[in-house]
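Below are two complexes that have chain A in common, paired first with chain B and then with chain C.
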Partner chain A sequence: MKQVYINSVGSISAQKTFDNDSFLEDVVGYEDNVISVIDPNYKDYIPPAAARRMAKGIKMGVVASKIALQDAGLENVDAIITGTGMGCVRDSEKFVSAIIDNDEQYLTPTSFIQSTHNTVGGQIALELQCKGYNFTYVHASNSFESTLLDAKLQLENDEEKNILIGGVDELGDHTVAIHKLINHIKPEAVKSSNLLDSGTEGAVFGEGANFFVLSNEKKASSYANIIGVKLYNTLPKAEVSQTALDFLAENNLDVKDIDILILGNNGDIKFDDFYTDLQSKTFHNNQQVYYKHLCGEFNTASSFGFWLASKILKTQTIPDVVKLNKVENSSYKTILLYNQYRGENHSFTLLKQC
Partner chain B sequence: MSKGIAITGMGIISAIGNNVAENYHALLNGNKGITRVAKIKTNHVNEIMVGEIASTNNEFEQQLNLNSDNNYSRTAFLGAVAAKEAVKHAGITNINTYKTGLISATSVGGMDMTERYFYDYLTNKTTQKYIEGHHAGDSTQKIAEQLGIEKSLVTTISTACSSAANAIMLGARLIKSGELDRVIVGGSDCLSKFTINGFKTLMILSDTYNTPFDENRKGLNLGEAAAFLVLESDAVVKSENKTVLAYVKGYGNANDAYHQTASSDNGDGATIAMEKALKVANLTPNDIDYINAHGTATGNNDLSEGRAIIRVFGENVPDFSSTKAYTGHTLAAAGGIEAVYSVLALQNNVIYPNLNFETQMKEFDITPQLELKEKPLKTVMSNSFGFGGNCSTVIFSKEP
Partner chain C sequence: MDALKQELKENIIEQLNLEDMSPDDIANDDMLFGDGLGLDSIDALELIVMLDKSYGIKLTDPKEGRAIFESINTMAAYITEHRTK
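Take a look at the complex of A and B:
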């Protein structure tokens, strides 16, 4: 079985992450309950006419994947695997409202086509002229981890050499409005730095695209080695710690081997207690990191956590803004990530320095 | 590591039957499930025909013993019914005895409720329960709950009309690698105003019965359906002394990289998908006894797929037919529906007729199988192609 490496990253988020030469050097703070991405200059990557036609999710996905390909020094990949919770949700909203508002008349196909969940993966394939394997996973907060698992299996078996994976989701007005009604979005504006102390229900919604080239060939420029990923549709709160320990044991690791624990806390008072045991008991003496105050919550927000872990392992630095506790390590070899959303679709991911 | 990927159970609900037996009976007797749409109020009612399932959501609610405060979309109802039949058929009493996962496919997800309550959500608290049911993963989570799958690998694939074929592919890979011992794979999609109007704007809906591979084909009929297979590893089959219905022998996915919705003229993606599947199966084109074609009856698909079949099989194109004339095009579920039909074909050594065919296409001289045909079958190939250039082929066989 071959080893699997993260050979490149490409990130578009609510931070200036699109430039791979920097690493959260000037962090943007927000005071809101919905935060959008900081756009790169899309025209540097796609012709303006094409960019105008593209949905936001497609634009973010295509450009983040181009950044990832550049970073990997590749013209093309063997396969493309995309994760998205909602797809190009603005187009879905546009098409549904047009059906209702115009009583099924005067409709045009563009927003219907862009509503198809695999439209981002399909567009990336079109842009790259990549005729390889092309899958799209749409399973809520495990959409991105599904891409990771799929790519890992194929690379381990040497079925492919380089696979582009990524997570992408965009904000849509109607979706935001109705998620405010059911308290999935916080009622009040929250300062990024106070997210975990907000004491209220719901999350600060965000959007973004984080793409990576995974490979079974290690390079001098590789970011990390992927050790394992596990997905769970359900997991009782009381079993999170034991499940994490079992996962480490399966990979011949122990709590003390974990240099950094990266957690998906989003400040939702109803669900952040899924992290409590790991934070204050099991990994109390390990350095801990969080990130959703920087990128917001969305179905593929954990791909931002994966980006953060990759950058930490490669640069061997941790920006102060993501530190969750006072434990400090001097070197970072092994990272464990844990994420869930609203108590469902939990994931554990293990990365190692390479 | 498992060498064989055994299919030990199947479940299905479609416009031609509420279970496997009813579907098979309709296939043998040439009974189409295509009618005017009854459950969705649409201005296009007289311009389209659909493959609609008779049962109402209320009936499914009772069948599944759900409280009236549930927030199931029709996609979730259909999926739960079909997946439960598959698990029962496989003789599984305790689902968590083995590492069991669920891979489902959908394109519509909870859109049927979203389009119904889109503006109503803003003012009516009682309908807001459906907001959480919109995203595509929701129906899969509900199906997992119905099956009692807990603390396990559950995910959803959405690659338009090849989705369920891709779910089978991932499931096979998960068993081969030892990640899971058993996996329930398939897909579910209900009819919606969203897809009716979407395909209408693309001008690929027929106003009458769809006619796959016919020169004068006018487009597709949308259908709703769900179908699931139970896949098990060699080890589970052996220790449980399971009856194996058939095996997943090969699979391949490729991208046409030609257009967001249309297939390339020469079917590049389809050709690569079929070739990859043959390679994984370690078979040659001559080994394929029957192709259950994608055959949507759109001008574009049938030409592109036909040319791809000729590219792969040359002078020796095996018997082929599309069953879309029976069920309509059931989008993300289609690969699951046709997987069930392929396994039934293998088990019973029959090839289903390609209904409604009248006139030979002029671009090539291959003709689908027009009558029910009995013939010993060892391997069946099933094609599923979707938007975004997504092309998938799965090969089923009697032998591992």
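Take a look at the complex of A and C:
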């Protein structure tokens, strides 16, 4: 079985992550309950004729994938695997609103065509002229991890050499309004630095696109080696710690082998206790990192955590803004990521320096 | 007629998301499809819906569109003759 490496990253988020030469050097703080991405100049990457039908999520995905390909020094890939929880929600909202507003008359095709969940993967393939395997996973907050698992299996079995994977989700006005109504979005504006102390229900919503070229060929520029990924739709709170330990044992590792634990806390008082045991008991003596105060919560927010882990392993630095506890290590070899959203769709991912 | 042509240019730019264009960039006799503005078959469908919604014109024969949508001039002439609203 072949090893799998992260050979490049491309990120568009609420931070200036589209520049691969810097690593959270100029962090943007927010005081809001919904935060949008910092847009790169999309015109630098997408021809105007192609861009005019693309909603923001498509542009984010296409550009993040181009940045990842550039970073990998590749013109094309063998396969494209995309993860998205909500798909192209802006065009979906536009299309459905038009149906209602126009009494089911005068329906135009563009927003309907562009509203499907696999539009991003399709547009990336069109831009690259990639006719290989193209798949989109829509598995709520496990969508990105599903792409990771699929790519890992294919690369381990040497079915492909280079696979582009990514997670992308965009904010849509109506979707945000609905999530506010059902208290999945915090009622109050929260300062990024106070997210975990907000003491209220719901999350600060965000959006973003994080893409990676995974390969079974290691390069001098590779970011990390992917050791394992495991997904659970349901996992009782009381079993999270033991499941993490079992996952480590399956990969011949122990708690003391983990240099950094990256957690998906989003400040939701109802569900952040899924992380409590890991934080205060099992991995109490390990360095801990969090990230959703930087990118907001969305179904593929964990792809930002994956980006963060990749950058930490490659640069061997941890920006102060993501440190969750006072434990400090001098070098970082092994990272465990754990994420869940509203008590469902749990994922454990294990990365190693390479 | 001039007001209608200006309105058509504004509507086309908005409906077809021609982000970097202004009405001044579209000449009245510019070809809308092919070598001119470069519109395609999806845009043609958008224009058919626009005729229906804004001017009450239902195109029953899609082949008619080829001549009607040749330029702003041809569109304005057709709309002036057939509009019901």
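General remarks:
The definition used in the following text is that the second predicted complex is superposed on the first by the 353 of 354 C-alpha atoms of A that agree within 3 Å, B and C clash if a C-alpha of one lies under 4 Å from a C-alpha of the other, contacts with A are read in each partner's own complex, and residues count from 1 in each chain.
What we mean here is this: a residue touches a chain if its C-beta (ideal position, glycine included) is under 8 Å from a C-beta of that chain, and two chains touch if they have at least 3 such contacts.
If you're wondering where the values come from, they're calculated on a predicted model, not measured in any experiment.
In the superposed model, A:Pro48 makes contact with chain C only, not with chain B.
In the superposed model, A:Ser193 lies in contact with neither chain B nor chain C. After overlaying the two complexes on the shared chain, residue contacts for A:Thr136 are found with chain B alone; chain C is out of touch.
Once the two complexes are overlaid on the shared chain, A:Ser22 sits clear of chain B and of chain C alike.
When the two complexes are overlaid on their common chain A, residue A:Ser146 makes contact with chain B while staying clear of chain C. Of the two partner chains placed around the shared chain by superposition, neither chain B nor chain C is touched by A:Gln242.
Of the residues of chain A, those at positions 105, 107-109, 113 touch chain B in one of the two structures and chain C in the other. Contact residues on chain C toward chain A in their complex (touch as defined above): 15-20, 38, 42, 45-46, 49, 52-53. Within the complex, the chain B residues that touch chain A are 42-44, 102, 106-107, 109, 111, 114-115, 118-119, 121-122, 128, 131-132, 135-138, 140-141, 144, 149-160, 166, 170, 173-174, 177, 179, 193-194, 197-198, 200-202, 253-261, 268-269, 272, 386-390.
The touching residues of chain A, when paired with chain B in their complex, are 80, 85-87, 92, 95-97, 99-100, 103-105, 107-109, 112-113, 115-119, 121-123, 125-126, 128-140, 142-143, 146, 149-150, 153-154, 156-157, 174, 177-179, 181-182, 184, 230-235, 239, 243, 299, 344-345. Residue ranges of chain A in contact with chain C, taken from their complex: 48-49, 51-53, 102, 105-110, 113.
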